[in-house]
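Presented sequentially are two complexes of chain A, the first with chain B as partner and the second with chain C.
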Partner chain A sequence: MTTRGAPKGWGNLLFALPFLAVYLWLLVYPLLAGIRLSLYRANLFGGEHFIGFENYARLFRDRTFIQALGNSLLFVVLTVPLLIVLALGLALALNRGTRFAGFMRSVVFASSVLSVTVLTIIWRQILVPDGGLISHFSRLIGQTPVAFLNDPKLVLPSLAIITVWWSLGLPMILFLSALQQAPRSVYEAAALDRATPWSIFRRITLPAVMPAVILVAAYECALQFQVFGQPQLLTQGGPNGASRPLVLYIYETGFNHWDIGYAAAASQMLFALILVVSLVPQAGRWLIRGRA
Partner chain B sequence: MSQARGREVWQWLRYAFCAVMLVLILLPLVWTVFLSLRSNIDLMRQAPLSLFGPYTLGNYGELLKNQTLFRWFFNSMIVSGFSVAGVLVLSSLAGYAFGRLHFPFRNWLYVFVLMGLAIPDQSVILTRHHIFSTLHWHNTYLALILPGLSAPLGVFLMTETFRAIPKGMEDAARLDRASPLMVFWKILLPQTLPAQASLGIYTFLLSWNDYWWPLISATRPDMFTLTEGMAAAQTNYAEVTGMGVLMAEAVLAGLPVLIIYIAFQKHIVSAITGMVKL
Partner chain C sequence: MGAHNQGLEFRHVVKAYDDLCVFENLSLTIGTGEFFVILGPSGCGKTTLLRLIAGLEKVDGGEIWLNGRAIHNQAAGDRGVAMVFQDYALYPHMTVSENLAFGLRNMGVPTVEIAARIADTAKILAIEPFLDKRPSKLSGGQQQRVALGRALVKKPDLLLMDEPLSSLDPALRLRTRRELAQLSRSLSATVVMVTHDQVEAMTLASRIMVMHDHVVQQIGTPLEIFMRPANLFVAQFVGATPMNVLAGQLRNGSDGLAEMTLAGGAVVKTAVPTANLSEGLWRIGLRAEHVMLTAPDGGLSGVVDFVERLGEQSWVHVRLGDGSEVVAAQAGVSALQAGDAVGVTLNGAQAHLFDAAGAAYHAPEPA
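Now for the complex of A and B:
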């Protein structure tokens, strides 16, 4: 009787099979079928015929789609840098063992566990001009309350602020865990050398958190690019499409107009763009790790 | 000397930043609770609200009479509960296979599974919707639960967990000719319990808060999850219940996840930091 390392053989695949079945059925197959669907003119009533890349060509002529694409990109630009700066600031300020720091860390993350539908109930009553929290402050200093969600220039920035409020917890936690991995001894040596706080930040802290910053940037770009609930619930994409992001466009095209082949083409664009925004920083991270 | 001054200024900046952030983060939550404690009539009047009341629990009393709200809550419990169970079972089995056993094409299959991490739910929605339509499964619990089980994140976390268990743990058992299933159940699974807790709580929050899929799959109000129901509630509160009740509903909908968060904070943090290893 010989004992080998771990048992080999097809039988062991059985353990992975239940997951693989669901994975193939509800994620891989829908993706491939969606790519196929995007090459057809199709609606809910079963009419389907092959039109090649016509749906994609139509997307680029479609003003509403271009606007939605632009809105999603702008939303990423408005949220991700602010999110990273604020979360990094919080992580630096709260990277210590005091009770207050612990309490504050918990508070920052707390808003992240709320659902998007609760988020919008909360923030509508802050932003609306009649009776919203901000409107009370404006009246106090004698200003006319601003209709944040009805102004085409203010609506996306307002949604971005809400989203930053909602999403600060995760980046902060990742930055904190990166900071805690930076060796104590380096900081002690720097303190002995009478290094200034700024040079400590630039020479020691920043390099220590840089991989985490890139990771968070990639993750948040992909995540915020998929923004949906906030505009769908607060503005329905208005005014005049100024806050309609890509996912809301896909939702409306697919489930309100039932133009499903066309909506599938828009979904593939979303998938491709998310792949690009999340793979670029990931590649950078692997490069950094490869050098280290 | 100036060194010490600089450090002091730094310290004050830190306090100021923390104070400002604390207010900005808490104010919306406090405002929501504040509004939920005011009567609808009070809120309709447009006049500035006095901090000194009158306060009332009437809105919360109103909620207790609301049958649909309890139905949504119940639906959310069912969907989130079974999602957690399903994800834990599937991910543990697959994680054991990928992290601890050998079979042909194992590494290729694992990479194939990890590639799924890049597929957003939004980009597969049309065909996923079609699958459940042809089965006539929309507006069932099964339809609300199944898509969540196809996400590969849990498999990744569990594979890493099983892989990290010291080698040789199962050697003695294998000498006794225990089957791979026995080794899994008796020896390795107990070692993964902390990771199971993290993944479980993470999955619960994800499932409880999911808006996208329930919005598309559950179209009958009696099959709404609480998260989806809160969407319906905020679009027609003016005619149905009034602002105060809506705010009380928001508090009630937020409370379970906040309690879970406070109780299991450590696990949530470790689930999040665990994902970074990829």
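Now for the complex of A and C:
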């Protein structure tokens, strides 16, 4: 850079400074502080000493951590594909100008505005075996009510369904806007070309919404790895840790056991996991672009 | 049911949107091999007509027949009709060659024949170099060829085109227009094209249908439309400049031909027979090339308003004494300036007459 160019470049930086300052202070500094903390034995009362990677080594011997890691992975596998398929189906069904379709779009989106507290109150009343909505119907047909939230096999799928119901709105809106980008005349051309509904979907609609699908997949993976409120409020991670995901594990380790150095190490593992997983759809996009 | 004609036939077709009646009772026959152009200003219903033929809109009454088959209740894909859309509507996520193959594959054409047909079509339209590219990588003109190719490769009974040249730049439009004319002649396909550009209509059509406000104004060859417009609308819509129209009093001349007395008192002798014409207030129409400008000579006169110089000819706009305007065509670059006083001579032998309702009367055709 020439001496004349340098001051001009620094002048431009001034405009980015307000953002950079907040970004460094609230995001980069805590990230680095967390990585540092993960290398210490530390508790909430202030004692800390450096132990290197001992916390990480301990994590891999910790059955509770391994169980929580498995729960988080399973939860993402249960929620994200289902979310994409259902949101895309709804977007396709509701992508029309009728008043009914507009009403239904609002209905589907409405659940997204609920806070997690309200969400869990609603679903507790649906799922509890003692007087819940579903148990009422089970009794009507002479079945024993199922304890969805106390059965280790059913608890995570139940939480997944609750979460999908809660989160459908945004992906649906994103898919709808992607669908509306495709001009109507292309579909008319396909009608003149005798295309079946399936080949229209596969060759025209799906490629048009693919970027939105990849975006939603990356975003929802990152989001669902951070699931916390639903198990915290509905199950407290039970029964026997069957519904304890990573964030709940980190929370309990840090704030119930006061072992914040260890909790910080678990947080770095979650960070790495989310980073890798949200890059997968991006890599998929590069592959698609490479073929074109 | 009447005889099963070849070609395309509209029988008493009715089409309405909500309260707006687009076609009340449209009957029309287009022969095999015709290049039929529907010409009219925006919003006159011409695209609706095309969409009715394609099956993208349903008729509310009447029938549409194509080569002896009633097609108005068939699905769009079963009608044997292909269409070039105004925005081309190419499939964005398929290559050019896949765009061409898509319809054929859906029709169950064998793979070997699909390849052969694509090769033929690509050669005719010179789109071979980009068969493996996506439409987004092509220029507007190349996309236009691909859209035409996608229609032609199906060997349709009828080719529909909705303003196919409107998104091309002027130079490319001229070239494509010429190629389209040659192509339609060599393929002897039946074509129905919609346009608002009267030059396209005049140069491409075997017959033109002029539409205005959902009503068919006239159907005829380009020359008929130009030389013998059916009414005031057609007279003023077709032509490089709108036909000059002046009000006047019609009088039966001694030789059985109409004479018009214009507002300034000037009398124009026309070649239109007066049999069955009532005297009174009429309008006289003259194309710009039949208006001559002279030095002021005491006859009809006016002042030059402005001059449009196109190079090969000039349009001179003249304001007459009564405030009405006429346009005169002059060869080459006119020397007249705004403000010049001129005498105006109208070539009455070439004049058309319009009655109060706008219907046209012409001089008899030369034998």
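To be clear about the criterion, the second predicted complex is superposed on the first by the 263 of 292 C-alpha atoms of A that agree within 3 Å, B and C clash if a C-alpha of one lies under 4 Å from a C-alpha of the other, contacts with A are read in each partner's own complex, and residues count from 1 in each chain.
Heads up, the rule we're going with is that a residue touches a chain if its C-beta (ideal position, glycine included) is under 8 Å from a C-beta of that chain, and two chains touch if they have at least 3 such contacts.
Keep in mind it's a predicted model, so treat the numbers as computed, not measured.
Counting the residues of chain A that each partner touches, chain B and chain C differ, and the larger count belongs to B. Touch criterion met: A:R124 reaches chain B, while chain C stays clear of it.
Residue contacts after overlaying the shared chain place A:F255 against chain B, while chain C stays out of touching range. By the touch criterion stated above, A:F109 is placed in contact with chain B alone, chain C being left untouched. Of the two partner chains, chain C is the only one that A:S185 touches; chain B does not reach it. In the superposition on chain A, contact of A:A208 is made with chain C only, not with chain B.
In the superposition on chain A, contact of A:T196 is made with both chain B and chain C. Contacts of A:P81 after superposition: neither chain B nor chain C is touched.
Overlaid on A, the two complexes show chain B and chain C touching the same residues of chain A, namely 194, 196. Residue ranges of chain A in contact with chain B, taken from their complex: 3, 5-16, 18-20, 22-23, 25-31, 33-34, 37, 86, 89-90, 93-94, 100, 104, 106-111, 113-118, 120-126, 130-131, 133, 136, 139, 165, 168, 170, 173-174, 177, 194, 196-197, 212, 215, 222, 226, 228-229, 233, 247, 250-251, 254-255, 260, 263-264, 267-268, 270-271, 274-275, 278-279. If you check the complex, the residues on chain B that touch chain A are 3, 6-7, 10, 14, 17-18, 21-22, 24-29, 31-32, 35, 43, 46, 48-49, 89-91, 93-94, 96-98, 100-104, 109, 113, 116, 118-120, 122-131, 146-147, 149-152, 155, 171, 174-175, 180, 184, 205, 208-209, 211-212, 216, 227-228, 230-231, 233-235, 243, 246-247, 249-250, 253-254, 257-258, 260-262, 265, 268-269, 272-273, 276.
Contact residues on chain C toward chain A in their complex (touch as defined above): 54-56, 75-78, 81-83, 85-87, 89-94, 102-103, 106-107, 134, 150, 154. Looking at the complex, you find that chain A touches chain C at residues 182-183, 185-186, 188-196, 199, 203-204, 207-208, 292.
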